[in-house]
Amino acid sequence: MLDKIGIAKRIAKEIKDGYYVNLGIGIPTLVANYIPKGINIVLQSENGLLGMGPFPFEGEEDSDLINAGKQTITTLPGSSTFDSALSFGMIRSQKVDLTILGAMEVSEHGDIANWKIPGKMVKGMGGAMDLVASAKNIIVAMQHVNKAGESKLLAECSLPLTGVKCVKKIVTELAVLEIADEGGFRLLERAPGISVEDIRIATLGKLIIEGEIPEMQL
Amino acid sequence: MLDKIGIAKRIAKEIKDGYYVNLGIGIPTLVANYIPKGINIVLQSENGLLGMGPFPFEGEEDSDLINAGKQTITTLPGSSTFDSALSFGMIRSQKVDLTILGAMEVSEHGDIANWKIPGKMVKGMGGAMDLVASAKNIIVAMQHVNKAGESKLLAECSLPLTGVKCVKKIVTELAVLEIADEGGFRLLERAPGISVEDIRIATLGKLIIEGEIPEMQL
Amino acid sequence: MINKVVANADEAIQDITSGMTLMLGGFGLCGIPENCINSLVNKDIDQLTCISNNAGIDDFGIGLMLKKRQVKKMISSYVGENAEFERQLLSGELEVELIPQGTLATRCMAAGYGMPAIFTPAGVGTEVAEGKETRNFDGKEYLMEMAFDADFALVKAWKGDTAGNLIFRSTARNFNPVMAMAGKITIAEVEHLVEIGDLDPDQIHTPGIYVHRIFEGKDYEKRIEQLTVRER
Amino acid sequence: MINKVVANADEAIQDITSGMTLMLGGFGLCGIPENCINSLVNKDIDQLTCISNNAGIDDFGIGLMLKKRQVKKMISSYVGENAEFERQLLSGELEVELIPQGTLATRCMAAGYGMPAIFTPAGVGTEVAEGKETRNFDGKEYLMEMAFDADFALVKAWKGDTAGNLIFRSTARNFNPVMAMAGKITIAEVEHLVEIGDLDPDQIHTPGIYVHRIFEGKDYEKRIEQLTVRER
């Protein structure tokens, strides 16, 4: 079973040289720490920055320079700033190669729910709906089951949707899965020490198992 | 009767302090030379400039700095440059207070034709269609009759239209007229030495004459 | 030339009245029009509709207006970083319309570009799409979203000149340029007000034609919402 | 990092083939991609569709491509500053689609902003509106115009860095930024190619994400179409 860092490390392997990437809050943010050597990527922050760097050293923070999670950050050489309209313009026109974000639920059709739980205080979707509706490649980083032990990989999402038919791949603590064109979670890899049966039990939506399922390499 | 400079001088009196103005090629360009003292305006050039200045001194021309007529120009303090999309964005959103342009024909409903003569080589509408469709205040500067002696103020335009119901005012060598809400050219002023009858003869469209028509003051 | 320069925020906002719709620039607390907000809080107006990506925190930004119960409705993409906001929302005192962040930005831009509506795929198939026209282009569904219509836009820039030209700094740019273009009347507060000619025409982010009033703000706090640092 | 820098125009345009749709930046002869145009002229391709505000003059700019009969169709707002253009048009060898200048710019912008269509009042009630959907918003009529779809965009900037970030100079900016955003593949030629870190992030007009190939051009002529001067 993977921990959060394991999930981030596995997702990092999906990133290709030269990619422009938007990372959501949580596990996706960790991915930046595990980009393979020789691979250079540019991070987009939807509040208006390309070329986001690491957190500043203490005392060097700049209140005018934050990321979409409102954290103080830095810029790297070659960065550029722009307004929010252009930022989502480049997202909608699919110039951002990869979006990695968390989810509460994913359906076997690639629908995603990650912004609202009825009855709980709703903070808003931020840029998530724009990102999932536009990105050509979306990877979801999440736990396979929620805290109540219920599967988050479902036939249909039970929570209000963020976007429909948009998720391409899911990396959890148990497995790597892709959404099959005909619907269903196609199992691609098992986490170390996890059996296909473990994954079957944790997946409520249709699970597609074809041939031997390899254990993932980190 | 006014000459071209007279028409430009009369139009210049329509300009209010602080106006952002787009001037077309020909007589409209001359208007900039006769802005009354104490009135400051900002000239917009639709190829991407606010704050257009006069032509450069010889030897100081800059090939990167031209107006919409492709002439070398200068900028004034407070000017700004921008791309063509933003330029027409500010035109469409009616931030440009006044557009002055020439015409081949104007109809009594405020339609304008100034870009195409069937059978002749058509060069294109450039920015004229955007300007006339968007500007909140459009003044046409033109001769009252064409070279063949035919009126250019008509019931309906005979030439292909540039825009419909957009012209507010017309200044010719004979008169100042405005388009009445109900249709028709309302005569506002006579040029020096020109009688109402002279104007009536030169106007094919419906001419509205209410009360005494004053002679224009330049 | 008509003078766009006003003395301070009080003068700039003097004709903002109850019931108006305001746009307020900023992302979180970054790049918010602090001076204008403080003046609004000191003014006896309420029933405002605020279009702003976020709603401030309890003791700063739009949170101060909420505390004074000046806001009838928030149109935002992400809210609820403060307790008073949550209380008013749950009690029904405050109306909130949540819309996708890109849609928010693009509806501002549409107003500034004179486009009555735009198409975006954001929200298709979700509750955001309810009651909205959808349209298929090239096999993909889009929502038609309308340009915003705001009485005033309040923005904060780094530098500005007396002609209203604005330059923003780093990610404090965010929604400010698109809102500056979208207000019927746009008020810009700047950290540094300079004379015309002092700014390079090619570096201006918001041309002065979009800005009606401008002043140099004072006592900027520029608070940081999430201070994150790394080890040396 | 994937290297966006190519040696010259020949390398940059090597995979442009006959029948493709190209966008070319510039207004008149101001800000045109001179190097790319010269390389296209030296390449054995034709049947091109060119989206460009103008079509050059007889011996410069797109006029050179016309002379070599490489252009099947021009999509422009104002053309005919050269005799060969007129000859090809009247003989039916060249197809020309004239569209309003703001519509041209906004259809480029729409592509770069991922908006499939936009609404503009330009051309309502004229022959430009023929066959197009019109729509009334708030009592005013608009045409729906579609985003452009171009295989390549060729733009010219003043400065650029190796990450593809671009800065334009004065009115040579014109259509270049919106076309840079709109090409499936965007090639930027610049007068000065600098290293990353040499440009101020806040001053960049076109973020590098939109630019796929970049090179420092040479031997710029930057011709003036209408030299106008005043007396000293």
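Should a chain be cited, it is by its letter among A, B, C and D, assigned in written order, with residues numbered from 1 in that chain.
As a convention for this text, a contact is a pair of C-beta atoms (placed from the backbone, for glycine too) under 8 Å apart; a residue touches a chain by one contact, two chains touch by 3 or more.
This is a predicted model, so every value here is computed, not measured.
Taken together, chain B and chain D share the touching chains C. Greatest centre-to-centre distance from chain A is found for B, with centres as Cα means. If each chain is reduced to the centroid of its CA atoms, chain B and chain C end up 36 Å from each other. Remark: chain C and chain D have CA centroids separated by 33 Å (rounded to whole angstrom).
Chain A and chain C have CA centres that are 29 Å apart. Under the contact definition stated at the top, the residues of chain A that touch 2 or more other chains are 49, 75, 81-82, 85, 88-89, 91-92, 134.
Among all residues of chain D, those that touch two or more other chains are 106, 113-115, 120-121, 168-170, 173, 201-202.
In this structure, the chains touch in the following pairs: A-C, A-D, B-C, B-D, C-D. The touching residues of chain D, when paired with chain B in their complex, are 27-31, 53, 76-81, 86, 89-90, 98, 100-106, 108-109, 120-128, 158, 168-178, 205, 222-230, 232.
Taken together, the chain D residues at the contact with chain C in this complex read 106, 113-121, 137-138, 140, 142, 167-170, 173, 201-203. For chain A in complex with chain C, the touching residues are 45-49, 54-73, 75, 81-85, 87-89, 91-92, 111, 121-130, 133-134, 160-165.
Chain C makes touch with chain B in their complex at residues 1-2, 111-115, 161-163, 165, 181, 195-197, 201-202, 204, 207-210. Of all residues in chain B, only 17-18, 20, 40, 42, 44, 49-51, 75, 77-82, 85-86, 88-96, 134 touch chain C in the complex they form.
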